[in-house]
Every structure is written in structure tokens, then in C-alpha cells.
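Presented sequentially are two complexes of subunit A, the first with subunit B as partner and the second with subunit C.
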Partner chain A sequence: MAEEKKLFKVTIDNITIEVEPGTSILNAARMIGGDVAPPAMCYYSKLKGSGGKCRTCLVEVAAGSTADPRPMPKLVASCRTNVMDGMVVKNITSERVIDARNGVVEFLLINHPLDCPICDQAGECHLQDLSYEHGKEGTRYEFGRRTFHKHDLGPYIQLHMTRCILCYRCVFTADQLTNKRVHGVLDRGDHSEIATYIEKSLDNDFIGNVIDVCPVGALTDKTFRFKNRVWFLKPVDAHRDCPKCKGHVTLWYRGDEVFRVTARKDQWGEVEDWICNECRFEKKKTSDWVIDGPTNVNRHSVISQGQYLGLKMPTEVMPEVMGGRQPRLLMDIHSVSEVNRKDIDLSKIEGPAHSTDFEKPRPNGQQAIDNNQ
Partner chain B sequence: MQSLTSRARPVERKPMTFVERLYLWNIWKGMMITFRHIFKRKATISFPEQKRPFSPVFRGLHILNRDEEGRERCTACGLCAVACPAEAITMEAAERLPGEEHLYREEKYAAKYEINMLRCIFCGLCEEACPKDAIYLSETFAPSNYQRKGLIYGKPDLLIPDPKENPEEYRKALGNRAKKQEAN
Partner chain C sequence: MGRKLLLNKAHVEGILTYEVYRREGGYRSVEKALKTMSPDQVTEEVKKSGLRGRGGAGFPAGMKWSFLAKPEGVPRYLVCNADESEPGTFKDRYLMEFIPHLLIEGLIVSSYALGSNRTYIYIRGEYAWIVDILEQAIAEANQNGWLGKNILGSGFDCQVYVQRGAGAYICGEETALLESLEGKRGNPRIKPPFPAVKGLWDCPTVVNNVETLAAVVPIINDGGEEYAKIGIGKSTGTKLISACGNINKPGVYEIDMTISVEEFLYSDEYCGGIANGKRLKACIPGGSSVPILPANLLLKTAKGETRMMTYESLADGGFATGSMMGSGGFIVLDEDQCVVRNTLTLARFYRHESCGQCSPCREGTGWMEKILKNIEYGKGKKSDIDLLWDIQRKIEGNTICPLGDAAAWPVAAAIRHFRDEFEWHVDNPVESQHRNFGLAHYADPLPVPVTA
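Presenting the complex of A and B:
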């Protein structure tokens, strides 16, 4: 008979939960869920050794354990501190934690450019959410933000080093998912940056996952670059038989076009399964996939805008009333609109669209409707 | 039934006399009101020649703004479209090519930008949402067209004239807002 494992009793924000020894405070709080879970910018449960860099998950330990109930003198990083039996943790109930977190966000934003209108991550950016909750409106920083020369990370991944918050998640991803890591953090302190050594491009079957792992817009999908804002796309769960990965993904649709493919994410914004580059970058047709149904999007996320669940379309009564004839003065918006033209398929353009991609003249057939009026 | 107020009075249903049926007194009374108004200040203006001053918060047709160098300010961030309650705004973004820096202010710009004026309710939420000062509701109003397709406004209809090439037209398009900008 196996000996019964002793469970540790831990109280987080006055909610008591029993967890196994060796669980971090952050994971214990995530088991409770909701607002009790501290935000995390660098910790990633699927990556070994991640965490302890960003300090956004700071919590106050009011009592160390039953054996030694003294409080810890400083705030601790909850992703790197394991629970003890009888530990009392204060997260959102502690003034000190809220204050410290506001300070951390201010520090993270010191060098982060405010180019959210341009950034493709906007709408699903963890730093955006975090600063929305904790940030100040203005900045007290008077000096220039650090800038970097552009590095090329291969044909699929766009690196914006200025947006990086040095969470090291992508480095761990490359280390643990791929056989040979060719990128890492170069230099020290304020100069440190994510880069490939001597401009070596990343080519590995799973390297695309660094895009999903990045909490900010530092690593983005080049095939999706500037194509559309994430909140105008419809996320749909899909799968396919992939020899390399599990093939469970989220497709991001606009109309019938698949604009991008990402891994499925759980409620903490972490990927459920890693997906390979072929699934992510090359399979952008509906026929490649088996659709599982619309992705559940958090109601508070901007991505949920315009997604009318359980929508019942009204039946078209016009032809019925008019004896099978279509009304002559009905305007088809696609015959007039320059946006979302049928003959320009943005999802098939590699990389961002340019002014040259829109220069195609309209086929004549589409204008025929106007002559009737 | 007891009346609710003391002011209630039963309607007189007495038949009118012959003099009353001529309505002379009533017509004269009505005409006096008309004559009196001839000498009063007119409530209307002759519109196309004369124009009323606009309220500073007037919300007319949209303009897409340019910066002082004549570059388009819009970066196609989509905030106006997501703020739009009528879902009238659509756009497609593109990356700026080298050599196009004099046309577009930022790395990304709106290659296509369209407002469906048939749907627009002129609420001004797009103006409020814009982080780049790119869209304004101007003082032009009452768009009219013979066909509905003419009310789908694209970028050529919306863009403000270039302040460098055509400063006069630019000033005119800005309207009262130009004065506001000078004050800042």
C-alpha cells in the first residue's frame, strides 16, 4: 500500500486550498482561479525553468508555515516560491502587492514602445492587459527608450526587439522543443537583447512556437504581419493529422480566408499543445483542416467583439414577396467596396501586404450592377 | 364623479350664432398674429448664401487627417472600426515600402479605408477612439448622391487635402478646427 501523500494547506487571499508539496504559490493560486491568480509575464507552466524574471507575480507571505509562522520580510515571486504547510499568502488583498505590481508595470513599460496601434499582438497582448489593470496613464521616464537594429529571424518570424521585455520564454522554448537553439540573449543589462548569433536564421520544425509564447509583440508571425487586427478575426478550433505534432490548432478566419494559425491557448494564455511550423505557416486553407467549432473566447477580451453566439439569421423575404424576383435596387456592398475584394486574397500574400498588392484593377464583371440604376 | 381639480370645466356645446359662423373676428385675430411677425426678427436664414456658425462639437462628415508634412496619420489600428456602433468602417492595412516615407507617417498604414455613409450615424466614437489624431468629424454635412454606391466613401473622398501642396483647401477642410490647432 502506497503511503498517503501529505497535502499542504495554503491560504491565498483568505481562500484555503490543499495542494501537493512542491507546488509553487502561483500554481496553487491558479488552482483557485479567478482574480486570486497573480499575473505572470515570464512564467510558463509548460517550460521548465521559466519564471522569476518579470516580478509581476509578486505576493506577500503573511505567515511562512505552521512551524514558523513569521511573515517573509519581502514580497516574493510566487512562480519561484513553493508553498509550505500553513502558509498564508496575500495577493490582491495586500496593498503592498498592488503597489509593487504597479511599480513593476511601470518599469516594464519604461523601454516598451507604445506602438500598440501598429503592433500585431494588440488585443491579445499580456502586457497590454497588465498595464490596463495596473498601469498609470502617463510615464515619469524622461530619457530615450532603448532601440535596436533589426535582426532577421528567418522567413516566418518577425522580431521587434524594442518591444521585448526579456522574459526568456522564447529562449526556453527553443532550448526545450528543438534540438539546437540558435538564438538567445546577448549582452548584459540594458543592452541585452534576443538575437540569433551572427544573424543565423532559425530553421526548426517547432520554432514557430516562440510566437505564441511571447507575451508581447516582440515575436510575431510574419505571414500574418499587418494583415488584420486580431479582434476582427473569428477564431475557430480545428485539427488535422500531422505527422510531427498533435495538430490541434486555432484558425483565425476573416470570411472564408484563414489569416493565421496559432496553437490553442488555455485560460492563462498558455498553449495547450505545441504545433509545428508546417501547421502554423503553410496550411492556410480550410480544406486542410477539420473544424471542431468556434473557440471559446473570454467575454472580457476584445476578441469577443462582433462574435454573436447563437446567432439566428433572419430569413430573406424579399424574393418571396416579389414572386421570386430579386429587387433591382438592392446594392451589393462587394460590388462597390474596395475592402475585402474577392480577387485580392490577403491570406495568400506572403508577409505583409504592400501598396503594390492593391493595384490590381477590378474585373469588369463586378461593376455591371451599377448600369441598372 | 368628483373632479380632480377645481379648474376642470365642462365643454360648451351651444350652437354658434350667425355672426360667429362668419368667423370674421377669428380670422382677424389670426391675421394680426401674422402681421405682428412681419416686424419681428426672422428665425430662419437663407441657407446656401448665409451659414450659421458651427458648434465646436459639431459632427459632420469624416476627414482623414494628415500631419504637418502631409503624411497620412492613419495606421489602420482598427480602433475606429471596433468602436463604431453601426459597423460602418472597414479597412485593410499594408506595410510601408522604402520610398513611401513621405506618404505615410508610420510603418503600417491603411491601404484601403472605407466608411459606409449609409450606415454611419455620426456619433463621433471613431474620433474619440483614434489614438493617432487621424480621423475627425468635420463641418461638412448633408452628403447627397443619386446612387447609393456613391455613399461608400473610400480614401480619396475622406483624405484631407495636402497642407503643403494645397494649404488653402486644407485650411478650409479643417474649418473651425484649424483655429483650435493654432491655439494649441
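Presenting the complex of A and C:
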């Protein structure tokens, strides 16, 4: 008889799943999916050593294992704590977790500039998503927000230190992907900052990936800066034969112009395959690429407002977590909103979507006033 | 007079030199250990002694040693934590400055027990002159055959190196210390793995405080059981206390853990009472991270018992009415001191020393400092006090390393015991700028709960 590999049974928010030994609580929760998966701002499965820092993924361990069922006294970082057989974990079913997570989100926001209206990351920012889910409408912070001296990182990458949450992902990326890391965290505490020390030097090959791993708008693509809002762009998967990387990318179109190139991301917002600087910064013509089709947009996304073909909805776990009860829908935005019309399919509109595309015909032939003109 | 095991010879003329130290009986423990004991027997003696870590957490040293992983062919390291940067704590400095050979002797015996052939002393950068003292002692130990190859013909090789820090409190946290020692940024590591399994250069490592390792000398000389006879309960042996603040005789004292806080504070052998005829208001008994206590809870526990200078007694009542032995930094505040100002000073320290890795500590410490500053300078609101409480609560327990807790506890304890002083600042924004709240009721005897 072949020896069977023993799997660990772990229960997260009343849902039990079997996973390989060595799986982290976070990854086990991701296998269940939906709201049971804790938010992760610093952990990145493809970056060795990442995680443990932001503390948004804290969970309660109600029972350590079958062998030792004592609860763990402190909340633990689910991204850096491995499951044990018979472990019982509480994420969204734990008051303590919700309370602590709200605290972490508040901490992350007190010094954040909240300059989303002029931030290129808006629309694909994990901090936006996190605040939307856990943040409060007001702030209890009554002091000036932190500022930094500006550093110029060179022609490709724009740094806005005020938006950085010090997740260290970009540091791991530079360490593990490029031939030499030339940036890092200088200073300490609330005055620590990402910097190169030597100006204008962030140009090693593959360094462009720091843009994709940065969960916020601290590191953005200089070649795309201020060119467009991401939700006006249409993401399309494409590939090319690249001698340096796999060449699997997402092209971001407006009309038939490629505005930017990024790596393809999975449902957790993580890069699937790293891409080289050439694919990212130099290949911005449709003729450089073989088109694979529209990108599956999911989860983190106002981009999905456009209801692109092939949209994947996140798994709905709420009824299961709530013991069979259905969550109560307080308002169906589509039924009251003037702009979000369900019947309009953005992937069928030529070029970028415009407010006129959403206009309902007016009763008395009145013209809508277009403020842009 | 209490018994002294560490500092009894510290003031012998010339004890800094090898000749005098040796003449006074120094290095006997190395002879005893290397010639007559196995490494495991040394560890066993340390276990028997009940010695608890003197760096702050009070973890039993012998137990820590026995957790050290011993895989074949992998080097093991002993690292001595001489980073001593906690406000109010300056005992290790005294020991290293006056009787450096004691530490070197303790290191050799401990290295033998743990199988560390390369042992490091990580010392805070500001102790620059002590580096010279230690290196001189190490050189003398080498010249006299106590370090180097095949020490005393035992086959055991050992060398001790001194590494200076660059001015960061966080590098006293053991895993940040190891990072710094490896030449990296001093960020605490995420545990597990613990240093006993993966420490310095990923090898099994023990990190101990200076005083802990020095105490191994009398333990080996007299035997663990003899050592354990001193003290009360699980507080065995002697402890160095650095006393400072408004007292007549600030300084470093070695106490055997059998005296009361009152005796330590008022007797002429130790602190000699409050300076300038003032009255005692409050005390932080174990270094800046531990909870502050008002006078009435310092001298007596909530149960009305005499509070002793022991790990258990100082912690009696938990955080509600007790504090901690911590690293032995005894900070005394007289009736003229302002608890709000004191708390602000500590909050500033922790904000400045946070490594900034994790969000609650990086952001929360600065927020607390700003609010405390407002209150102290007459710009506070009543709601600020509750806000402070909520912030410290959300930091505590949710961070990578205990610095987050250490930043939260002093704020929590100050609000817990001195809330009316905070409120007075808020209610009297003008008056509080030129007068202190004073002693108020903080020294009044507390009602003792009647036990049936």
C-alpha cells in the first residue's frame, strides 16, 4: 500500500478544510476563499520572507491543534503562522480580530495622504479596498500628516513616500529578482523611508516589478503617470516571445492605444509571472504582442464595474459563515444609481466609457449638460 | 548587609586588571567547569540555581540553554546582550566598567556549556569606552590561556568578540540584535523560528543579558543549590538594581532578593530615601517599559501585603495593581514630578526607537506622543484620554516584538493610576503650565479588602 500523505484538518470560521502540512493559515483561508481569507497587505506568496509586518491578517487561534487544543493567547499573523492538525481559527467570526483589524487599518491611514483623486493607484489600490471594508468614515487623528523629502528614482519608477505602508515587498522584489538591490528602507520608526540613497538609480532589469507588488501608490509607473484612470482602461491579456521573461502580460488599452503594460495578476492581486523591464516599459504597441483575450477582472476592482466578458465573481461564503442565513441586502446600487447601469456592457463600447454612454434618454428631448466641455 | 555575589569585589583596587582579578579568586569557575564538569553538568547547575534572565523577561536561563538545538556539524553561538538602552537601566554598564573580567569569565563557562566556539558581546554604541575595557580584558584572558585554542587542555576552543551597536534601543531585542550583528538593519525577526533553533547566521543561538552570564560564575563556584538558597521563591540569587530619580543615593546596588521595596527605597544602605525631604509620589520599578505605580501601590500590594523586591511580588496584582521587575531600572518620582510629562517623555522615546516594521507600533507610538504633548501643554481634551487608552490597547499584543507592548504599558499604567492628573491637565490648561498636580492622594493608604 502506498503511504498516504497526512493532511492537516483546519477549521476557519466554522468551515473545515484539509491542507498540506506547512500551509499557512492565510493560504488555507484563501483555499476556502471569499471573506474568510484575511486581508494581506505585506505578505506576497512569491516573495520569500515577506509577511508578518502590516498586521492586517491577524486572526485568533481558538484551538492550537488536536494534540494541544489550548487557544493561543495573542492574535497571530495568519500569513506567518502555519496550520496544525485540528487547529481552530477565527477570522471574521472573532470580535477580537475585527477590533484589532480596525485598529490596524486606522493606523495605516492616520499618516496616509488620502490623495486618491490624484493617485495613479486609485482603483487598484489594496489600501483603498481595505479602508472600504474596515475603515471608518471619519478620522480620530488631528495632526499633520507625515511628509518626506522627495527622491528621484530614475526614468521608470515614481516614488511617493507619503503613501508607503512599509510592507517591504519592493525590497524583497529587488533582492530576489534583480541582480543587485539598490534601494531599501532608511532610518527607522515613523520616519523610515524607502530610498535609493544614490539618486536616479532604480533601473536594474526586472525592477519594474516593484510597481506591481506595491499595494499602494507609493511606487507607480512613470511612463504611465497621470495618463489615465485605470478604470477607464480595458485590460487585455497578451504575450510575446521574450528572451528575458515569460512575456505573459496584461495590456491596458484606451481605444486602440496601449497605455501601460503590467504583469498578469491572480485573484489575490499577486503577479502570476514576473516581467522584464523591456516588456513593461518599451513594448507599448499592439503589434508587439499576440492578444489572448480580455483579462478576467475580479475581486479588487472598480475596474470590474465595466462588466467585462468573463468576469469572475468571488466565492460567496457569507451564508455558510452565518450558519445558513443570507446576508440582508441594504441597497441595490444598480437600482438607484444614475451612472451604474447594469444593462450596459463596457466591453462592447468603442474606446473609453464616457458619462454619455450611461445617459438615459431624457423625457422632453433636453440635452444633458456635459461639464467637460 | 545583603549578600553580594557580583559586585563584592568590584571596588578592590586594580580589579580591572587580570592580575588583581585572578589574585582575588577570578577564573576559578573556568577551572572547575572545564576540568571537572561536562557541558551538560554546567547547564544542570544553572538550572538548579533557578537563575532567571536579567535582561527583562525573566525567563529561566537554564531552561533556555536546554532548548538550544544541537544538530551535528552546525556551529552554535552564545551572544551576550550588552545593548542596555532602556531608560533607567544602567546596571550592565557598571558591571562591565568596574569588573569586566567577571563577564569574560562567565562567558567562557557559558560558552563551554553551550558549545559556542565564537561568542559575541553586542554592546550599545554609546558605551564606547567600555569596548576598550572589555577588549583589554579579553586580550588578558587570551594571554593567560583562558581563551583561545584548547583552553586548560580541555580540547575546548573559544574566542570572544565585541561588536558595537550604532545607537538603537531596538537592537537590544534579541532577534534585532542578531540581525544587526550579521551586519543588517536591526529589525526584529518574526518568530518562530526562535534563536535556539535559528539564530545567528541561521545557527542555534542563545542570547543572554550581561548580568545573567556574570551570575554563572558564582553559580559554578558555589553550586546551583547554594545560589538558589538566596532569595524568595522563584526569585533566586542576587539582582543588580540601577536606582535613579529623586532619591538621595542614586546608583547601582546588588540586592539579594529578600528585602522589601520600602527597605530598598528608604534604608541608608540603598537609595537612602527621597531627596530634599520630599515625599514619594510614584515609581517605575523595573525600567521604562514596566507599569508605573503610585506610592500606595508600590510599598504595599493591593492585598495589603508588604511589596518585596522580587519578581513575583513586584508583579503581584498583575497590571491592574502591580508592575514588573523588568530590567531592574528603579525610577523614583517625588511629589514635584508630573506623571503626564513623564509619560510624554517615555512615549517620545518609544516613538523614536520603534523600528517601524509593523503598523501598530510605527504609527501608534507617534500618535500617542502627539496626544500626550497636547495634554501636557494645555491643549488636551477629555476625550483624548480615552483615545490614548484605545490606541495603547490596539498596539499591545498586536506587534512583532515586545517594543510595541513596552510602548503601550507605560501609557496604560499612567492612565490607570493617574487618570485624575490627566483630567486636571485638561480642565486646567493654564494652571497646569506653571504648577504641578502634586502628590494628591497617591500616597494615601488604600483600603484593604477584608478576607473572610
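Keep in mind that, in the parts below, the second predicted complex is superposed on the first by the 299 of 373 C-alpha atoms of A that agree within 3 Å, B and C clash if a C-alpha of one lies under 4 Å from a C-alpha of the other, contacts with A are read in each partner's own complex, and residues count from 1 in each chain.
Rule of thumb we're sticking to: contacts are C-beta pairs under 8 Å (C-beta built on N, C-alpha and C of every residue); 3 or more make two chains touch, one makes a residue touch a chain.
All values reported here derive from a predicted model rather than from experimental measurement.
Once the two complexes are overlaid on the shared chain, A:I32 sits clear of subunit B and of subunit C alike.
In the superposed pair of complexes, A:H354 makes contact with subunit B only, with no contact to subunit C. In the overlay built on the shared chain, the residue A:A122 is in contact with subunit B alone; subunit C does not reach it. By the touch criterion stated above, A:V76 is placed in contact with neither subunit B nor subunit C. Of the two partner chains placed around the shared chain by superposition, neither subunit B nor subunit C is touched by A:V297. By the document's definition of touching, of the two partners only subunit C reaches A:G189; subunit B does not. Judged by the touch definition given at the top, the superposed model places A:L58 against subunit C, while subunit B stays out of reach. Once the two complexes are laid over each other on the shared chain, residue contacts for A:L108 go to subunit C alone; subunit B is not touched. Listing the residues of subunit B that touch subunit A in their complex gives 75-79, 81-82, 87, 90-95, 97, 100, 106-108, 111-114, 116, 131-132, 147-149, 152, 154. For subunit C in complex with subunit A, the touching residues are 168, 170, 185, 190, 351-360, 362-367, 370, 387, 394, 397-400. Listing the residues of subunit A that touch subunit C in their complex gives 51-56, 58, 74-75, 77, 80, 99-100, 103-104, 106-108, 110-111, 140-141, 143, 165-166, 168, 184-185, 187-192.
Per the touch definition, subunit A reaches subunit B in the complex via residues 115-118, 122, 225-229, 231-232, 302, 305-306, 329, 331, 333, 335-340, 346, 351-358, 370, 373.
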